[in-house]
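Shared chain: chain A. Partners: chain B in the first complex, chain C in the second.
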Partner chain A sequence: MRREPPQRLADYGPLVFPAGMLIVFFVIPFATMIAVSFFERQQGGFYQPAFVWENYARFISLFFGKVLGFSLVLAMAVAAACVAIGVPFTYLLSRSVRNVQILWLVALLSILSLSEVMIGFAWSTLLSRTAGITNLFAYLGLMAGPQALTPSFGAVMTAMTYQALPYTVLVLYPALVRLDPTLTEAARTLGASPIRAFFTVVVPALRNTIVATLIMVFIFALGSYLLPQLLGRPQHWTLSVLITDQAIYQSNMPFAAAMAVFLVLVSLALVGLAVYAGRRREAA
Partner chain B sequence: MTTILSRLFFFAVALFMALPLIVMVGVSINEKQTLAFPPQGFSLSWYGEIFTDDGWRNALFASLTLAALSAALALLVALPLAWFLWRRVAPWANIFQLLGVAPFTLPPVITALGLLTFWATTGFYGQPWTAVVSHAIFFVTLPLVTLSLGFSAIDRSLVEAAATMGAGDRVIFRTVVLPLILPYLVSGYAFAFVLSLNEYIVAYMTVGFTMETLPIKIFNALRYGYTPTMASVTVLFLAIAALVFGLIARFGDLPKLLGAMADER
Partner chain C sequence: MRDIMKTTASRRAVLGAGLTGASMLAMPSILRAQDRSLTVGVYGGYFKDSFDTNIFPEFTKATGIAIQSVAEPTGEAWLVQLEQAARAGQAPADVSMMSQVALLKGQSTDLWAPLDMAKIENASGLIETFINKYPDGRVAGIGAVSWYITLVTNTDSYPEAPTSWAALWDPANADKLGLLALVSNSFLLEVTAKTHFGGTEVLDTEEGILKVFDKLAEVKPNVRLWYRDEAQFEQALKSGEIPMGQYYHDVTGLAAADGNPVRSTFPKEGGILDSGSWAVSRASEKLEEAHVFINYMCQPEIQAILSRKVGTSPTIKRDLLDLTAEEFAAVSSDIAPIIPRYDMYQQKSDFLNQKWTEMIAG
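Take a look at the complex of A and B:
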């Protein structure tokens, strides 16, 4: 049976339920959120319909600027770290035996699906004084005694890299599997060392994939909301944490909604910018 | 030399990925109620606690119910959509494919907040079923992607043969299409199930004050003091995920599925 355009009205039947669900429970909530971002907040955590820019005007403050700047820098640092580890790792993985690959993919998927709460709990235990890794260091004589490594920026950064690394590898994996192995073979035949071949052949061939992955991981890291809360100090809070905090604990929905709309715009703008940069580099 | 280097690199990554999990396993078998590592004594009672303690058992039950129902609903949304896109030439219908993938691509807090404002505005905020709908929409991407791959893998001449012999859309779907896409149906459900089981922010923002799923329960417990049960739940969830993905890898083509998902983003 060939694909054909819908002819009768009944042909659209199967589309009714999925389209209805997506419109009612995704498009309308999204629109509601945008609407609420212009609403006015009332005493006691309620809000009323209005059209004010007040919630957006609150962005122009030193505090908000700091949070936004920190969120972006943190997400960039995590993305850079993940790609730096992920690209060579995935390259080597895609060159291993199929069973080894499958084993790693199952393990990485399992860790990726693990709740952020659990990852946060696991790292806060690993970095704690009583049950942490410093006990091992102290035992080996590398440290005078066990000490707590949280809350700190390093803890947030490490746990977020841990959370995003499986994601990075899984995004990179299909592209690296498809990479033509004769490319590196040619480089090797011409006398390049494997490491040299990796940097002069594999990395340039994957430039666009790497840029795309950087963006994907960046957005993924922007979405992290529990790890900065569980492992960092208040100055390590990201925009995601602030949105949750305003919505749930400060009961300021209009401000939370405004920040969420802003986060969407920032994400989309960065994607656009990076796609543009990737294209230009390709053309050059 | 290079092989040694790459082995070392693999080992380092494996160690990094495994360390927190090793500590979790260690903590979960402590004999007393302390988070000691290496563990002091050996006891599996913290695993028993998940099923004997009312709070933990209810949370586990809530999580499993939510995951089972929301994954089923996600499948009900994804299947007709994927079928329509495969059967019909209607480029504008791709917008719904895009809508299905969007919640999964944006930072989760955005979908969560959108649903929170929506449920609050419509007056259903806090009802348990709102979490089912919310998760179904949030995770519809997964069955949508696996099913699109499943449909694209169908040999059209098989369908053509059935049509020539006079079978209508319904009969063809039941006798030819459904058996062929069944593995993709199952893996789409499994992906959505496991991720729903572990999801925190959407569940928290929609039903956080009326219902306790396991991730919510762990987060709440973090504030009142740590117990080894939190570690045993983590190990249990990791085992469930590993089992499900292991089965998908055993009976399906995991690398191919992942390839389809990466293309979608």
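Take a look at the complex of A and C:
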């Protein structure tokens, strides 16, 4: 089928619906948020329309810098962990029998039906001292006695990776299924071990998909606010937790909006950087 | 009360309300029979269940006004929703039970419809401090119930009950505490001031507040969980995962009555006394019914039912109640309570919040 550039105004018709949705559900809310972030906070009350910078000024401090830094590092770590587990897993999955594939995909999809609250509580039970997995280890003689594994950074990471992994697999799966098996076969014939073939042929061939997956999980993890609260100590709280605090508990909408705008801008910048770096490498 | 996760219960309530609403529309005769109605917000979970069983049906029987109860989240979260809705001319609930900090914040934006005391004659029995007034004397809220936040322990982990809030600072309790995560609902500044500075007067100045913060920061190594969600701590306390902390006296008593190994202790410095008031959103069109409801709730018999069934402390004068000494002791204490410095949360809320967040997360 040949694609022709639109000639008449009516040719743009199909765009109306998606554009409308984008405006109603993204542009307008985001613009409102930007506007609110400049409003003036009335302590002990709510806010009134104004144009002040103080919400942003309050954010620019060492404390919030650290929280922002931690949130970004956590999101990157989750993205890296998901891809590190997801790529080999999906590769093996795409090479297995159809029934096995269906079984795994159904299991993964069913994880998506769990809410963040359920995932958080399930992991906090599993990692607890009184009812957790360490009781089993102690019973098997691997540990001296049961101990609590939560709250900790590891607990936050584990639960967030668990939550994001199904998305990772679902994004990687189509690309890996479509990957030409003759590529690896050629590598094998030339004497590469399966592991070497995976790293020198499969991974580079999937580079764009992997970058896209990293970015998706990164953004997904950046918005997480419940799991860090349920499974982490206060120093593991992300910026999203503090935004929630301001918006829901302190009724400080302008400051919450300013933090949210900042978070969106920083993540957009990082994504832009990743895409730009990807293009440069492709061009080189 | 005051908790976000119990909105899971509210989801069910919303579904239920939706069903009820749909079936009422399908049967217009019922709609006509009960056309006087009122939406009342009470804290979700145990509180709401208890009101739904013990209070609201009797009220409808007595007055013919149907009650639709709404599970509200933590005081200030609900306040934000009410305020946003009122700006749009909507009232998600006509009458809400509001904690004192939230009530004061709502006053500053005139969120609450002024109440006509002539229509609430039973309010004459109220303890004076439980009538909330605007600075110009209009009545913004009427005391509904009061409750204590006390020192709670798991009886398996602590065979001996602690006697003082100083236990929070005891190095022996490293990594064993669960404390409320917000400055404005934990009231830990007041606890620290009373325990280590001889009283809450030290909180009069910012310097004093900072000194109290420094002292409070010393409990951090003992804290395992700073909770926003009550259910999370309650569960951990029952199982002994987190064997000590601050929690609501009423709910702890109910959990103990159910056979859980938990106890609530009034420390020698006193429990924290907070209260909830009935307040009406200015966007509500049911002001008349709201007055009838609040008046009904101020009756001594109703207050006694609340103490017996919900475990809250009454807001009306002791001598009007038929509670036995034993029943009264179960919901209160002779030890002078720690009264939160509500003025501080209203005037310095951003300062307190910033220092608090830096203290616990820094």
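Quick note on the criterion: the second predicted complex is superposed on the first by the 256 of 284 C-alpha atoms of A that agree within 3 Å, B and C clash if a C-alpha of one lies under 4 Å from a C-alpha of the other, contacts with A are read in each partner's own complex, and residues count from 1 in each chain.
Here, a residue touches a chain if its C-beta (ideal position, glycine included) is under 8 Å from a C-beta of that chain, and two chains touch if they have at least 3 such contacts.
What you see is a predicted model, and the numbers here were worked out from it, not measured in a lab.
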| item | value |
| --- | --- |
| Which of chain B and chain C A:I85 touches, first, second, both or neither | first |
| Which superposed partner A:E116 touches (first chain B, second chain C, both, neither) | first |
| Which superposed partner A:A247 touches (first chain B, second chain C, both, neither) | both |
| Touched partner set for A:Q235, first chain B, second chain C, both or neither | second |
| First (chain B), second (chain C), both or neither touched by A:Q42 | second |
| Touching partner for A:P151 - first (chain B), second (chain C), both, neither | second |
| Greater residue coverage of chain A in the superposed arrangement, chain B or chain C | B |
| Chain B versus chain C as contact partner of A:F63, first or second or both or neither | second |
| Set of chain A residues, in rising order, touched by both chain B and chain C | 117, 121, 128, 130-131, 230, 247-248, 253 |
| For the chain A and chain C complex, residues of the former touching the latter | 41-46, 58, 63, 67, 117, 121, 124, 128-131, 148, 151, 229-230, 234-235, 237, 242, 245-253 |
| Chain A - residues contacting chain B, complex | 1-6, 11, 14-15, 17-19, 21-23, 25-30, 32-33, 36, 85, 88-89, 92, 101-102, 105-111, 113-123, 125-126, 128, 130-133, 135, 162, 165-166, 170-171, 173-175, 177, 193-195, 216, 219, 222-223, 225-226, 230, 240, 243-244, 247-248, 253, 256-257, 260, 263-264, 267 |
| Interfacial residue positions of chain B with respect to chain A in the complex | 2, 6, 9-10, 13, 16-17, 19-21, 23-24, 26-27, 34-37, 76-78, 80-81, 83-84, 86-90, 93, 96, 99-100, 102-103, 105-118, 120-121, 133-134, 136-137, 140, 156, 159-160, 162-163, 172, 194-195, 197-201, 204-205, 208, 214-216, 218-219, 222, 226, 230-231, 233-234, 237-238, 241-242, 245-246, 249, 254-255, 258-259, 261-263, 265 |
| Chain A contact footprint on chain C (complex, rising order) | 4-5, 8, 74, 76-77, 79-80, 83, 104-105, 108-109, 181-182, 184, 224-226, 228-229, 232, 236, 239-241, 345-350, 353-354, 357-358, 360-362 |
